[in-house]
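Common to both upcoming complexes is chain A, partnered first by chain B, then by chain C.
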Partner chain A sequence: MKVLMKGNIALSEAAIQAGCTAFFGYPITPQNEIPEYMSAKMEPAGGVFIQAESEVGAINMVYGAAAAGARTMTTSSSPGMALKQEGISYLCGANLPCVIVNVARCGPGLGGILPGQSDYFQATRGGGNGDYYTPVYAPSTVQECWDLVFHSFDIADKYRTPVMILLDGMLGQMMEPVETKVHPRLNVDKPWATNGNAASRPRNAITSLSLFGEVLEAMNLERFKVYEEIAKKEVMVENTVKDGDTVAIVAYGAPSRIVVNAIDELKEEGINAGLIRPITLWPYPGDIFLNLPSSVNHILVAELSMGQMVEDVRLAVNGKYPVHFYGRTGGVVFEPIEIANKVREILGKPTKEIESKIESKTATQDENLRGGI
Partner chain B sequence: MTSRMIFSGFGGQGVLVLGEIVATIAMNKGKKVTWMPSYGPEMRGGTANCSVIVSDKVIGSPIVQADIDILCAMNGASVDKFLPKVKPGGLVLVNSSIATKKIQRNDVDVVEIDATNIAGKVGSLRVANMVMLAGFLKKTDLFTLDDITDVLKQRFKGARSQDLIPLNIKAIEYGMEE
Partner chain C sequence: MANIVYEKSRGLTDTPFTYCPGCSHGTIHKLIAESLVELDVLDKSIAIAPVGCSVLAYEFFNCDAIQAAHGRAPAVATGIKRVEPDKIVFTYQGDGDLASIGTAEIIHAAHRGENFTVIFVNNGIYGMTGGQMAPTTLINQKTSTSPYGRQESTTGKPLLVSEMMAQIPSATYIERVSVHDIRHITQAKKAIKKAFEYQIANKGFSMVEVIADCPVGWNMTPVDARKTIADAMIPYYPLGVYKDAGGEA
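Here is the complex of A and B:
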């Protein structure tokens, strides 16, 4: 049976169903439904809910729960995620599995509570110190929110790494029908956990600290072998580009749905375009750009930011195609016609008049300034 | 077929719940649906609205900004804001107890519903949103009174809240009679 639920609720209930027994959070819009739901449901499900004193407190409680071997999660939104970065670096340094959700808003600074995608760099490059990555999943439907929570806990346990789920406030707040299927859980032994069995096995110690160069380097090399394996095996992408399409539009998360409308609109006037929707933002599905149909002449990247993922696309494309960009920020969500107009402009066709609610300037990048195509 | 709807009014009038009920009914009937609130620094007495899309095909953007098929407006500000965005031939349901201005468009189908006053007669102003559903029953074939009853039974499961079902149904029936 399908249930109508918000993205935030799907993330919460899926976490409980996936065996999350320790949730730590701190309030911030637009993810407040998650700690609200968890505060009511975790204890009856046999788990722990703590509203921490701050985001910093919450991420370090996650460190503790993960070290003890629990499936654990914290959620926040952009400025709160900024505060968690130190903790994420430590979790990576200590190889601790956990799931971290960012229901992003717009920034920088306190920014606003409307949807944004300007945390792409923070999520994929890491805002903390040191050499590390975290797998990052970007759902675009409420169903995908549900499914990716199960997957994220499995990936976290399998590779002993924090996993991030990055969505925006639009998806967190919207409702869609969800098939609430409980996916089978990957059971991974955690012989490294500090769970109080000292008498029955050698002492376990979990730390990111090492004062000896060679030792720390060996730990980092080992971790990057794991990253290499993740990059080889765990890439996820949806690709609807087919032979005959002249433009490939790249977008992720809820805004990719708006691109789908734009593609439909363009089709009516004989312009064929397809969507490339990365589901993993790290590892990035760069290989998809190496095998596009020969009909493709242009790549357009659409984001609710000033242009962040576009850099990964340029790296992947490596000069093979011109890469264009269209973005809105500050919580303004682009309409299908804006994306369609950008495609028309790229192809040298007349654009259509926009009867927009907000007649502000668009945030199209100065492509020359940013290194161009 | 795709229906793009806006439910709009004062915060506290129950427009978000009303949209959710319509979306749930459509989901129960096997349709694809999305429900998207205008989330922001909202408050009781401020404005609130939600976009609902019901379709046979996969839904892209959940946001309804233009090309509205059905506008359900529970106050005057909502009429002012969304009436220009209703498609020609679209349906406009107006809570005429509060939105008293004449609708300045003759290319849309307008149904005036004295929702707040009817709700008062039924016994609670809080069911004014349900009275608006009468407009859907009169003018669309999206759902029936039985479909609404089913969803209310899902929503009001507890022993105490069960008593609210007859009140809500009565509100819709009064709306049908007007």
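Here is the complex of A and C:
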């Protein structure tokens, strides 16, 4: 049976169904529904909910709960994610599994509460200090929010790593029908957990510290072996580019659905384009660009940012194709016609006039504040 | 047969301490270790080591242990204790760690009434990074970042952490002790043990502030440093129970 729910609620309920027993959050729009939901549902489900004093507090509570072996999660939005970076670096350094959700808004600074994809660099490049990555999943539908939560907890436990789910506020707030299937859980032993059971085994210690260069280097090399394995086995991507398409459009998350509309619009005038939608942003599905049909001449990257994922596409393409970019920021979401026009422009065809929506889009400051910042 | 007069506590590993000669950390470690063994909870204890001179405490306490980010130990302890409520959890934090970078975490752990124990080592200085000024540095005390002595006009008066924590409605037990001589070490042991007893009895948040020395950071011999605790630290940081809402343990 399908249930109509918001992206934020899908993420929350899926976490509980996936066996998350410890949730730590802090209020920030547009993810407030998650801690609100968890505050009502975690305790009845036998779990722990804490509204932490800050995002710094929340991520360190995750560090503790993960160290004790629990399936644990924290969620936030962009400015809060900035504060969590120290903790994420420590979690990676200590090889602790957990799930971290960023329902992203636009920035920098306080920015605004409208959706954004400008935390891509932060999510895929580590974000905190030191040599590390976290697997990053980018759902594009509420259903995928639901499904990827289960997957993320499994991946976290399997590889002993924090896993990030990155979506934008649009998807967090959007309601869609969801098949609320409870996916089977991967059960991983955690003999390393510091859960105070030293009576039955040698004591455990968890740390990211080593004062000896060679020792720390060995720890890092070990972790990068795991990253290599993740990169080999865990890449996820949707690819609709087929023979005859001249343009491959790359987009992730909810905005990829706007790109699909643009592709439909272009098809009507005989322009064939396909979508490449990375589901893992790290590891990046770069190999897909090496095996595109010979009909493809151009690659267009569309993001709600000034151009971040486009760097990964350029790295993967390595000069084989011209890589174009179209982005909107500040919380402005592109319309299908904007993407279609960019494709027309790339192919040297006349573009269509875009109706000005400025008036209808301009909300008063008061109206925007009602959402909470 | 040899008669054993004194033994190293089973609560400590055999790893040699990394502390400087004369430093109080070793004494305080010993008091914690003895308390956990005497209360028969060592095997179900989880220590949280801070960033500071005691960053390697996870190698010294003979129980499960975690190293936390600078100042964040109370949040980490919260995460552990909430998912393992029957285990004994304690943080071990310096004054830079607890009273400067970690003020939010410590205050809110007490504010929530978290049922774990904090051992707060106040040596008036950032030991590990080379003796910089801490919020707890005494007025006119010279440190590497207060080379002319701490000035109240620009850096305020030393932070009275126990007094401050005692104001938090959900804190249960706050006591300040010292370890500069045998009499005070005995009292410190009592306080530490009581804090753990309260935790075992689910009585909520307990913190023992231990006035400690840092001979190297203070640029003194260990003997002078101990004397300085008595002559300069304790007059500003009066010892005693600041809050006890736990009744008898």
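In this section, the second predicted complex is superposed on the first by the 357 of 373 C-alpha atoms of A that agree within 3 Å, B and C clash if a C-alpha of one lies under 4 Å from a C-alpha of the other, contacts with A are read in each partner's own complex, and residues count from 1 in each chain.
Assume contacts are C-beta pairs under 8 Å (C-beta built on N, C-alpha and C of every residue); 3 or more make two chains touch, one makes a residue touch a chain.
None of the values given here were measured: they were computed from a predicted structure.
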Of the two partner chains, chain B (first) and chain C (second), which one does A:355 touch, if any: first, second, both, or neither? first
Under the stated touch criterion, which partner chain does A:260 make contact with: chain B (first), chain C (second), both, or neither? first
May I ask you to decide whether A:129 touches chain B, chain C, both, or neither, giving the answer as first, second, both or neither? neither
Return first, second, both or neither, reflecting whether A:86 touches chain B, chain C, both chains, or no partner chain. second
Larger residue footprint on chain A, choosing between chain B and chain C, goes to C
Could you please specify the touching residues of chain B with respect to chain A in the complex? 20, 23-24, 27, 32-37, 39-41, 58-63, 65-66
For the chain C and chain A complex, residues of the former touching the latter: 42-46, 48-49, 55-56, 58-59, 62-69, 72, 75-84, 87-89, 104-105, 107-108, 111-112
For the chain A and chain C complex, residues of the former touching the latter: 21-22, 24, 48, 50, 52-54, 56-58, 60-70, 72, 86-87, 90, 94, 194-199, 203-209
Can you name the residues of chain A that touch chain B in the complex? 2, 4, 29-30, 113-114, 169-170, 173-177, 254, 257-261, 264, 333, 335-336, 355, 357
